[in-house]
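Beneath this line is the structure, given in structure tokens, with notes to follow.
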């Protein structure tokens, strides 16, 4: 039986997960501070447009779009605005409402944060742009809006389900505080169960040096690499190495 | 004295537990994210129909039935719909009500979630189909509906008791967050005591590689293997190996 | 000074504790899931009747009496019903009320659970049967009925005191969740202090194999073995070995 | 400057703490279940009467006086009743009120538990008997009556202060749940600071055998042994050994 | 693409982070008690004025400005008042309002603490002084004003955003209690995610001696040293060494 | 720049901290039960009077002044009353109010405990006596009066600030429960940040023997020893050794 695969745009990753993400799946990108979660999410959207001509939506819950564009340009030379002008990429700004700060972004979610409203906006945007990729940065910031695990779980599940039914393939970041970064996979621990895949990014100190690695903890419907792989954040973005890290 | 055994449909497992589950028992399938709990539960139902001609009900609390069928077909080539059409398998959709999303599934539990209603539906379905197997995926999602350990415990106990008195043999999955996956057996820790058996699925990193294993922590009325066994998720589903894993 | 001893009916145990339990004492049987607590409690009652002609009462808080009888018969060939008919053993069913399920047991505690009522029933039953042994399975399920440590402690203390004053010798099980099974002795941690003895049952994985052992943590008025002892759950029930386990 | 010392009656202990407790001090006896705290407390009272002709009061919060007398007689041959009749020892029964059970003890505290009332009773009893020793078994049971650390601390402090001003030297037991027995000194962790000395009793498993030891964690105004000492519970009560345990 | 860098004024640090902080970024200075966080923050402001002619604002939430000036002068000979008089440095006193103590500081935030008011004052001061550097000492003291993680996160995010949009580059200290100092990066764990960089200061005991080191955990848009570096607090302030500490 | 130093009166300590405490600073003395915190605090006051002719105030929150004087006299031969009569030392009794017990101390704080009142009394006493040293024993007992970290922090900060502005140099003790004594520095963990220095007293068991040591975790404006130093509680009080403890 043939599964349709979506190339990730992360150099070296596709071959570790059977050729790419399964179309319609939601993948969790998990990691502590400074591990590269936002870069991963943006690279998925940016390279989708640049390399595969696929349209994508980047939902930023806390970082201002302006700052996001600037640091991606400065660090990797990615010209996000060009693709926004071509209608290939849309950045949906949820941060302005959250911070109560004015914005002149084109795509904006207004306060107060509301999952129904976000789902409605995403439905509309996906159709308008004919997008096939969505990135949510971050689930942690969304989860904080809710009071109990029961609701967080249902709302994240709804988000992932609606995206799946719209036919888009999504990546969602989740933060792990530094203190738990090597022993936990997600902030609320429910994200682990309601998403279809988990890629854990790691930045670990060993004998006085920090090393980056990732490991694929879950990838439904796919045989995936069972190894821990080193990766780097280079001038071209994230590059994953095939060899196992010991 | 003769005990009636129900073959599990999990390749290699029956001989580790004295020939199968004891008829009427409730078995807990425990594990972290990506360990294969849902696959185990569906394989129990699917192989029950395919290999032993036994009818089964799969209760899905959170995953949409459509997605569940698709990924089982894609990963293992299991044609669940065929058995649904033949009346051998029924998927009871609790997810639609939970997510507030429309469904055109045949068997649906409507919101709000209510144990009395679920028990009533299960009673009716078991009789209607003459089912002998039930899978609940997952107890964790059910438990979240309740506020205290006292109630969770009573409700899970009621569920297990009613299933036992209907004469069906059931498997129930329970999630363990990754952070506790090697030290805990269940989300609420009461499932461990109110079920008749516990099979713990494990996905553990050792020197940079993840390995799958299972261990039987409890199996009432049975002499069972005391060893940790390696298993794989193959194109044919879960296969358990007889040798001990060190 | 002469202490009156009650033989435990657990093969190999009496000689480790000076000949048996001290008459009138309450002994805590502690352990994780699958360690054999219920078997220990029933063996104390069953062998009391079979080997020593002593009458006993088994209080089951959660497991249905029918299922309990069946699995004891299947696993060990114990014909509990025979002794029930002879008036040697009584099973007091608290589970039916707890689960809101009909029962046709002879001895039943009706809802809602109430310690005064249970004490009253126990007083009456002990006199009626002239019982000298009582087993409570489990304290954990009773403790969940109360909201704070202060009350749990007082109620368990009352239970133990009343049993002691009725002249019966009792065993009470308490569950330890798997995650704490090697570091904790009881669910609420008050049972440890209000009972006269503690026998901790253990099921521990070492290099891929699970091993059963027990250790006597407390036994008031008795010199007891200070060693950890291996035990098995055999076709004849629990058998404790004299040698120390390393 | 000369300090007045009170011999403890615990064989081998006095020479480790400069000759005995300092008169008027309150000493905390800390330990997990089965470590011998109650025996220590009673031995302090009993040997005070037997060996030094000092009068003592034993306050039992939870254990019934009858059972206490019986097991001390059975285990160590201590004839407490004899000394009670001679007016050398008084057992103050707080347990009857706590459990709501009738008592025909001579010295009884009636419900509900109230520190003012207990202090009043102690003041009266100390004068009536001309007692110089008091044992409280246990602070943990008293502390449970209060809701917050602030109050527990103040009430224990009051208890110790009043005893000190009455001129009596007191020992007070405190329970440490087994799970914390090697890392904690007291149930509420305030007892450690409001008492004048701490003797920690330990029962620790090493390679399959349990060993008893004690260590003096604090002893104000005294140079005390800094070593861990082995002790036994013998037919004559607690015996402490001088050699250091490694 | 050219990124504008702000030299830190911390001897040896700039070359580890690509030449300085990225203009407009917020950098978190994290550490336990006695690690030198306040010194780092003041050195950033003081050396900015002294070496680079840049104007800076130091916001002190708890320490009195008078004491702060005195101990900086005593320890490092920094004459902060001189730069205050020249209009190069402004100390904004939030401590007086917090402690309800009179102040005759020039720049004062009045009670009660309020983020809107602080942001307003900062906006005004930055324009008035034409400041390009801001230090906040400490975020921990600010965070304590709020009740939940959701709000703390939003308010810190607002603070960082407003500072970024004013064009200033800021350092913000956060305290880690000693007990967590080697395993945590921040008091509330949200500061880690809403700031652009994290420098963790450490004071660790190894075989009886304490050693100072820092590690750069995150530095957006920058390739930074991945090593742990030793540093000292000298008569001239903080000096970071290039070699890796093992 | 010249810093004015206050000799500590603790034998061997001054040379480890650059000659003494910095005038006007507040120093935290931290430690578990039995580590010598109260002795340290009293030695600072007593030796201040005896050796340096400086007047001091000792604030006792929980221990009765009478008992305090007695045990200092018994253990170290310190004749506190003599210095009280000479007006060199004042003991401020907060314990009587706290315990609701009568007192005939000269300096008494009346109930209920109130920081404003304590600050007022301290202001008055410092002026009246012309005191330059204050000891607070203990901050832990004060902190318990408040409900949240925010308030505890503010009140301790106020206390330290007012003392600083009165020109006195203060030591404040804080308790660490035994269970955390080697991993924590203070009860509430805020004391660590609002004081100018931290000296941690330790009593640690190594291979069956307890050893005393101290380490200076923080000492603002001072270069201090970075080593762990052994100390003893001798007949003359605390003596610190210069050599490093391994």
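Lettered A, B, C, D, E and F in written order, each chain numbered from 1.
Following the convention adopted for this analysis, a residue touches a chain if its C-beta (ideal position, glycine included) is under 8 Å from a C-beta of that chain, and two chains touch if they have at least 3 such contacts.
Since the structure is predicted, the reported quantities are computational estimates derived from the model, not experimental observations.
Shared contact partners of subunit C and subunit F, listed by label: D.
Greatest Cα centroid separation from subunit C: this falls to E. Simply put, subunit D must spin 60° to overlay its Cα atoms on subunit F, rounded in steps of 5.
Copies subunit B and subunit C of the same chain sequence form an interface built mainly from non-equivalent positions, shared numbers / all numbers used being under half. The centroid of the Cα atoms in subunit B and the matching centroid in subunit F are 61 Å apart. Put simply, the C-alpha centre of subunit A and that of subunit C have 53 angstrom between them. For the pair subunit E and subunit F, the distance between mean C-alpha positions equals 31 Å. Counting only residues that touch two or more partner chains, subunit F has none.
If touching chains are joined by edges, the resulting network of the protein chains shown is one closed cycle, each chain touching exactly two neighbours.
In ring order, beginning at subunit A and turning toward subunit E, the chains are A, E, F, D, C, B. Within the complex, the subunit E residues that touch subunit A are 1, 3, 22, 24, 149-150, 153-154, 157-158, 161-162, 164-165, 180, 183-186, 189, 192-194, 198, 215, 217-222, 226-228, 244-246. Looking at the complex, you find that subunit A touches subunit E at residues 32-34, 62, 64, 67, 71, 73-75, 77, 98-101, 138, 140-141, 144-145, 175, 177-179, 203, 205, 207-211.
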